[in-house]
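Chain naming follows the written order as A, B, C and D, and within any one chain the residues start at number 1.
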């Protein structure tokens, strides 16, 4: 390719991938609106009365949006330096997933498996994942959650073991009481509903012993909800400490300095 | 205006806007009682059996309170130096909103739209916002919440995206099971009900796969409830740290110093 | 009174009010068991089938326990130096309240107001407050909660205002939908049930707008649950810091020392 | 025994008890898979339709797994140096409990007490406790929970007293309203369901006074959920602080030093 074409690609790259120029900002705003409309249409389509009346308009809106997302995808592939690395990146796959379902719907006739067609239609909700690009991966919250991953895994693992054991016990207690504890998996479902303090009430113990046991499960759940909270809290505290603790005084090696510090607060020398 | 009138205004200003004099304290107490009665009357009016029996008394009480609030509003406008800046301030608008609905009700006949009349009547509950004056905006809690606004927004944004994605998935799983997941918006409603651990039980999964999925949603909700808690905790901790650094540099007025600091970190001078 | 009697009183005082001697420990254990039985009997009495069969035994057990608590009360009054200050102390009133209801029941015939008789019977559950003596008021938890009282009051106040405003709004939205929002107090009840993530489901919004509003209320509730948690967390952290920070080095004024420290970690001199 | 047999035992010990060799890792993976299958079979057996169709296969799978676990148990006993201390250790008892129920089932005929047979079958779910070996007892989470045990006990004790008192009060208020508060134990069950924010809705207050009381209970519950969270949070923070003090005094082996410490606070020597 010649120089001019390269120049054109670079300009396009600036518009699509960066947000410093007015054109880049406009592109982002238009994209955000399109994502919003796209998700809204999928949601409204699922409401039977609306689908009956406005079904055609929804279909047209979807084709228009799919066409625009397709153009966006093609432009992204064209103007990026390493197209393949984009295509197989998380963002690339999400962008593709936002356009593909509508096209695939064409190949599957209405006579064929309705479930697949419906699944494909709903897959378009994942268009919303295009927003992930704007959240970014560099913020403190995600770092804190990532740093406490190991502890949270151990915690989750313990909760699952506990749920299975408690589920079996309540099944033994309430299994014959006709109160919904008809199998161990259902009883485990009840334990999770109770321990997480969700408490639907679709299954609830009927016998006094079962209710006493339920009380114990609730108090246990109440106690262990403190654990993930504590983990994330103390991790976020650490993140903050790290943020303020990078400078070390070269004269007295005092490591704790305010972010705005110009002089060491221990020896008064210039940092 | 002459001096005397000015003097009279100043005295009134002291009573209404300040709480150091006995008269000012009395004014505040009377106002608090009026607000309390006003809100109570609106609440009791909405209870059908009470309204049938005591409806007239409620109406009289409302007119009396509205009259008193109107006098208060007029006095506030009269005795303040910059009446317009008060009228368009938050407090001014709240004070006006506490009196206006009752008068507007006169212009709308009973034959006209009943909903508007009812809305107007209920608007009087906002009288309670007059209490905001007494809470003030300068306390640490509000500062901590304001400081963590950005993080909480990112968190809320992530929760909304997650709700939409999970809502679509549960709609796909339970959509045909006649268990209440009749559309995506309803399914999203269920996801929020479940993730926030509210768990009404008006909609609950009926299929084993749906219940398994619900279990996952609950555990996710249980995990992410830790995040806003962690944010506010660590923010409140920070607020306190700032509070304990009471030293202010006498050379450059820098107020934020480490507890152990001997030298100002901005100008390097001895503290 | 003569010396001997005084001696006898002192011995009794040691047994009843202190727990260092074997007799004192035995007294405490017996008292704990009696409290436990007393509360259990009141609880079981309220279960209709048990009351019908074992009613007489429950009555006898209650008279025995009441007699023993009466003896305990008289002994406490007798052996304490300042009987009146005990009688009107929190513990004295609780001890009296544990014995009085049974006697009062005698004066109220069965033919008289049944509700009062029943209330008296249930008052005996407050016997459990005798346990407060063993919890003590000097622990860190209670200090932390007391220290954060002001902040929690502001928070509670804000939650109540918010509940009233949101309750009125949902009443306006769902009031005609026959879904349980029949009055403002009931709607406020629903808001509290939802915001605290309890979620009974006895009242649940039926209209799409109501469900959307409910979603907002839940997310608000999810967000503000973080506030009391944050307050208590940071208060407990402070309690701990205070615990470890009382010694100050007299040579270099370094204030942060480990509880077990014998030498200053900054200048190495003896503390 | 001769040298060779000892050598064979040592090799086996390395495979079974350690995970550094490829054989040891393979053993662990196989064991994990067996545990997973074992628990899954017990869970699926409890689902009536699956049990009817695949009952025989489930029985065979159980016998195979029980046989394998028996072999594992025997090998563990044989190759360990102190067999009795293993047999009576927590892990030894769990390993035995994973195999015994199936054998005991043989001795109890089908004609005998069905409940015992069923309990025995379900006991096999405790096989999952074999996983405890892989979680280990040395991690920070467990340390933090253990360290805050005393505080959490006081908290739990207070919650139980509060539940009994509040349960009696709601029984007094709602006892005649036919809304499920038929006895004090049931009312206490409701208080726990409400205070822990579980909220099944199987029992819910029907009278206005009951609903007002319920509102209070919820707000109390909302407030006190902060307490265990705060305890665990501040304990985890402490754990971390201890972790960062990695310096150990070379003179007196004191391991806990402040980050800024220059001298050991136990012996005063230079670090």
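Assume contacts are C-beta pairs under 8 Å (C-beta built on N, C-alpha and C of every residue); 3 or more make two chains touch, one makes a residue touch a chain.
What you are looking at is a predicted structure, and each value in this text was computed from that prediction instead of being measured.
Enquirer: Name whichever of A-D and A-C has more C-beta pairs touching across its two chains.
Expert: A-D
Enquirer: Sharing over half of the contact pairs with B-C by residue number is what counts; pick that pair out of B-D, C-D or A-C.
Expert: Most of the contact pairs in B-C are shared with C-D.
Enquirer: If you average the CA atoms of chain A and of chain D, how far apart do the two points sit, in angstrom?
Expert: Taking the average C-alpha coordinate of chain A and of chain D, the gap between them is 30 Å.
Enquirer: Taking each chain's centre as the mean position of its Cα atoms, how many Å separate chain A from chain C?
Expert: Computed value for the inter-centroid distance: 41 Å.
Enquirer: Can you pull out the residues of chain C that are in contact with at least two other chains?
Expert: In chain C, residues 185, 188, 197-201, 225, 229-231, 233, 237, 256 touch at least two other chains, as defined above.
Enquirer: If we count contacts the way the header does, which residues on chain C are in touch with chain A in the complex?
Expert: So the residues of chain C in touch with chain A come to 197-201, 229, 233.
Enquirer: Which positions of chain A touch chain B when the two form their complex?
Expert: For chain A paired with chain B, touching residues are 39, 42-44, 46-48, 118-119, 122, 125-126, 128-129, 131-132, 135, 139-141, 144-145, 152, 156, 159, 185-186, 188-189, 192-193, 196-202, 225, 228-233, 235-237, 240, 256-258, 260-270.
Enquirer: Enumerate the contact residues on chain B facing chain A in the complex.
Expert: Listed in rising order, the residues of chain B that touch chain A are 151, 154-155, 157-158, 161, 164-165, 168, 171-172, 175, 182-185, 188, 194, 197-201, 204, 208, 211-212, 214-215, 218-219, 221-223, 225-227, 229-231, 233-234, 237-238, 256-258, 260-270.
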